[in-house]
């Protein structure tokens, strides 16, 4: 399997060049643009996690904003406490809360916050996955349930203003681990951390997809019941991959807060959750590169064009969504490979892979 | 399989190059995204060229908040046009750079950062919701920018980098509660949308009621976008208040007032006072439903000052006869003039100099004479309580007579001691 | 006592609104398995149609006639939403049969476009619809208990829609074809039923009912571009809770959610009430994943 | 007696919304036996298979495996792990995966998440898969997407997957439906090979096909057991002839549906 065929070498070169480009980006772009790029990369991380469950396992979650948001909130709580020096943050004051609530206390530790930023989304996903997948709620029903979950979570976050900052969310940070969060140096370091996280998670996802576990996931996508009759319990697999995906979203959320400096319940809402799915759809579900790419390109386009055409942009996005989903279900990545292979594929009628890896 | 991966990799590389190239390209100070003919964006080409001063306008042009914020943009653009027509500031033309906050707080932060560090604007006029202001505040403080925020808000804030041209609590809520206690009754029912402004405002009101002999008979918050108030109206009925103090936001107001009327409760039976219902909102709710209900603001289209006459006239001339002016629109307009006056006085657009010059600056705004309070960077404003008339305009029932000094932390009120921040 | 009666009525009223909003969805989602996220925007189209009808009456007809605009607005809203539905089906939905999740995403895009379209045409602020005088006021059943005519009207409208739908689906020739196609597409096609036509009609009728819902909502709430977004998730909850593919289920689902919503909101507050209702729905679906009224089938998936 | 029975269905009744698809059905399967289950449409044959593999839970009755495990209390994947494999009527393979991947995940192995996450393809596993590929005649198409195979090839692939699963009991639902004559013959050969090692239950309509095997036949009618015996005995039975064979001896007519 691991022979170095010319193709494999080219792929490795491609990856290396991409990584090199990402690592050297700070040399070429301004601090502001670097900050934007960092944000996009954080989004690309969510897209990877989402692709894992949607593209490979066939579970569509319209609630990934929650997991992203919970990770972000965990990090934001730490940042907020660091900014206020361990005293109750500003919003608690104007909400009539004088003491720091107990569950806020441990978030004074950076590492606790990081651990929670992964563990809380993962745990929530595990619980949700346990009850739904075990009861064989799937497909559309699962998707609609995740929307219900979004509404529950956002309404709770907004309603408990004294503990969560309400609609305003959490903002106004000063330092992270003692370094000023606004300084270009810190931002650059954070950017590198994001790049490393993205590459790490990409490799991790590649491993999962390539493993036998990944094959079972794809089998579940093709026919969940069939998988059951050859002896796998799909519920466990779905649960595990959903949890992994949520944890990845949590990591992305933490990075997002560090770059953007604010998290609010609106980031957990239905619209951002659907937008995340949109990135994957446009980039190409079922291909990791496509998903990551979709997230980066869509957000870049949004930040460039939404200013020039605030009205037209939404038209464009809506139409793009429709066209991609209906007519290009494999997204950009699918389109590219389709064009390249059209000529060669015409000959055999079946869609067999004619160039086996070995 | 592998071959497909190969093409994907290539694709990734190409795309990344595009993104990076795009980023790099825009990096240069003299930005090159003048591909549109829009005057707003053509501004970028000039950079900080001689004869021009760039200012940012950052409101939501899309999303749920666009409803309110688009009119403020219009007012700010009108003020800029007027100033330019009269020769500009420091002899230079003001060139607005429009950005869309898209009703999304992180976007506000991102765009604020862009305006300051990429476009190098002299100042930014923007924001509507408290959340958007809170999101932008750290950015302005970090980069030492200048923000003019045009909407009444919940107070308890005073940033060195923000000028607040809308009312703080003691210029709207506190006096209106006193007035209601005196004129309409002691039993208050507090109704608000579930977000920061109503909750904080009600915190203040509750303290005030305690101190001034009022009685709280109920307090309810409904989620943003809530559209069925039947149960709530039952609750209000059961509580039998004299006054419903309404801090609902946007669409909820429409549902609440329509259903209140259906339940057979009119302004004669129950006093309601709203702090987020202005002339623009009346048009969306329907006059038939709102007639007789009260609101507290600092400005109405009917406010009788010479400056207002021309303001309303010009606004209608520019944007159409059916348009109305309202408090935040006027505050946005005022903000632009105050900034321009401060720049003239400072002889520079440098933030620190402008701030210094703005201290105690006075101007004849449509709402009457306003003055910037140097200590808090809020402005002195006259408080007005109005009643909705059959023609969709307000009739002023009471005003504070003179402009009230802003007191965002309510330091001048003994009963507010518990609300003030602890540090 | 009076409070109890009033709350009972409020619960019934909310149920009727939810049902009206969900009825169209019960057809498009329940029968056709198309997840139409643009359903909310079809409601919005109905509301704006009512607004336009009102304006026409206001501008071109004598004042005495104005109160009767609403009588016309109901069929007009239905017709306009119907046409939109038809266009949507023919241009888009027909590529998406058998791909429910994709239909969800694509129609969400459609919803986005329609919202923005409304914003461009009518402007971002809400518009006002003056309700006709004969719907003002209410039925006084005892002192302090007033049942608003508007809410009674909506309940009646829902019942009328239900009866009409029942007769259409179970008693008419067209309805028989529709059921035939929804149950066994290939077989119906073999028997000479034009499935294309039936699909289009079914979807359009579902959309038309959304239009009627929009028309009714103008009586109670805001009319703006984002009107649909307030109802869409609730509508899906009603259909899913009720059991997909069964009208009776949808009615029960709406009643359940409406009643519990009122109850919880009265006990706690609006935010928490909403959360509790959703938690109950999620919990209930764990217990009965197929909803209140379930259909069983032997097929593998 | 009881010890030799690998599977024992005792008084099994299945209800769908009031309709009794199977009523008090008894079935005993010996180790290494090849059993045909026949009957007219709606006789409850497929439902019987569904009960045995756990897809349908009977409202009454017991199904015991090896005389001790009550299958009706188990979930599908547990039953599959116990060693009961099921092949569905319509070929149900995983179309987006390659033939070899289909076989790989079907292969008998530890099926926990951890095991699959860290599984490496062992030499021995590799050769097992290769052997199976040869048996079902798909060596040349090992890297094809399964969705691109012909109908018959899909059926074989599924049988191959079943065999790699190494079940003790194999449940086959109309394995030759929709096959060409040539494909049917080949499937028959496969079935002969399979039956040597394990117990097999086959639901079949194609009488010609059934006649090729000298084994026991169970006839079901309206959810009940009608007759059990060799093909010859069954064909001589009057009741069977009446409900089933009597009217249409030509088996091809009733081949299409179940």
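For reference, chains read A, B, C and D in written order, and residue numbers begin at 1 within each chain.
Simple rule for what comes next: contacts are C-beta pairs under 8 Å (C-beta built on N, C-alpha and C of every residue); 3 or more make two chains touch, one makes a residue touch a chain.
Predicted model only: the values in this text are computed from it and were never measured.
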Chain occupying the middle, per Cα centroid: A
Chain located farthest away, centre of chain A as origin (C-alpha): D
Length of the line joining the C-alpha centres of chain A and chain B, rounded to whole Å: 34
Chain centre separation in whole Å, for chain D relative to chain B (CA means): 71
Averaged-CA centre spacing for the pair chain C and chain B, given as whole angstrom: 35
Residue numbers of chain B (touch at least two other chains): 62, 194, 221, 223
Residues of chain D whose C-beta touches two or more other chains: 88, 92
Sites on chain C at which at least two other chains make contact: 116, 119, 271, 274, 300
Chain A - residues contacting chain D, complex: 208, 211-213, 215-216, 218-219, 221-223, 225-234, 236-237, 240, 349-354, 356
Touching residues (chain side chain D, partner chain A) in the complex: 53, 55, 75-78, 80-81, 85-86, 88, 92-98, 101-102, 104-106, 111-113, 116-119, 141-145, 147-149, 161, 165
Interface residues, chain B side, partner chain A - complex: 1-13, 15-17, 19-20, 22-24, 26-27, 33, 35-36, 38, 41, 61-62, 98-100, 102-106, 109-111, 113-114, 117-118, 129-131, 134-135, 137-139, 142-143, 154, 156, 194-196, 199-200, 203, 221, 223-224, 419, 421-423
Parts of chain C lying in touch with chain A, wherever the complex brings them together: 33, 35, 92, 95-96, 100-102, 104-106, 108-113, 115-117, 119-120, 233, 236-237, 240, 271-272, 274-275, 278-279, 281-282, 285-286, 289, 300-301
Complex interface listing, chain A residues touching chain C: 60, 131-132, 135-137, 139-141, 143-145, 147-149, 151-152, 155-156, 158-159, 223-226, 270, 274, 277-278, 281, 311, 314-315, 317-322, 325-327, 329
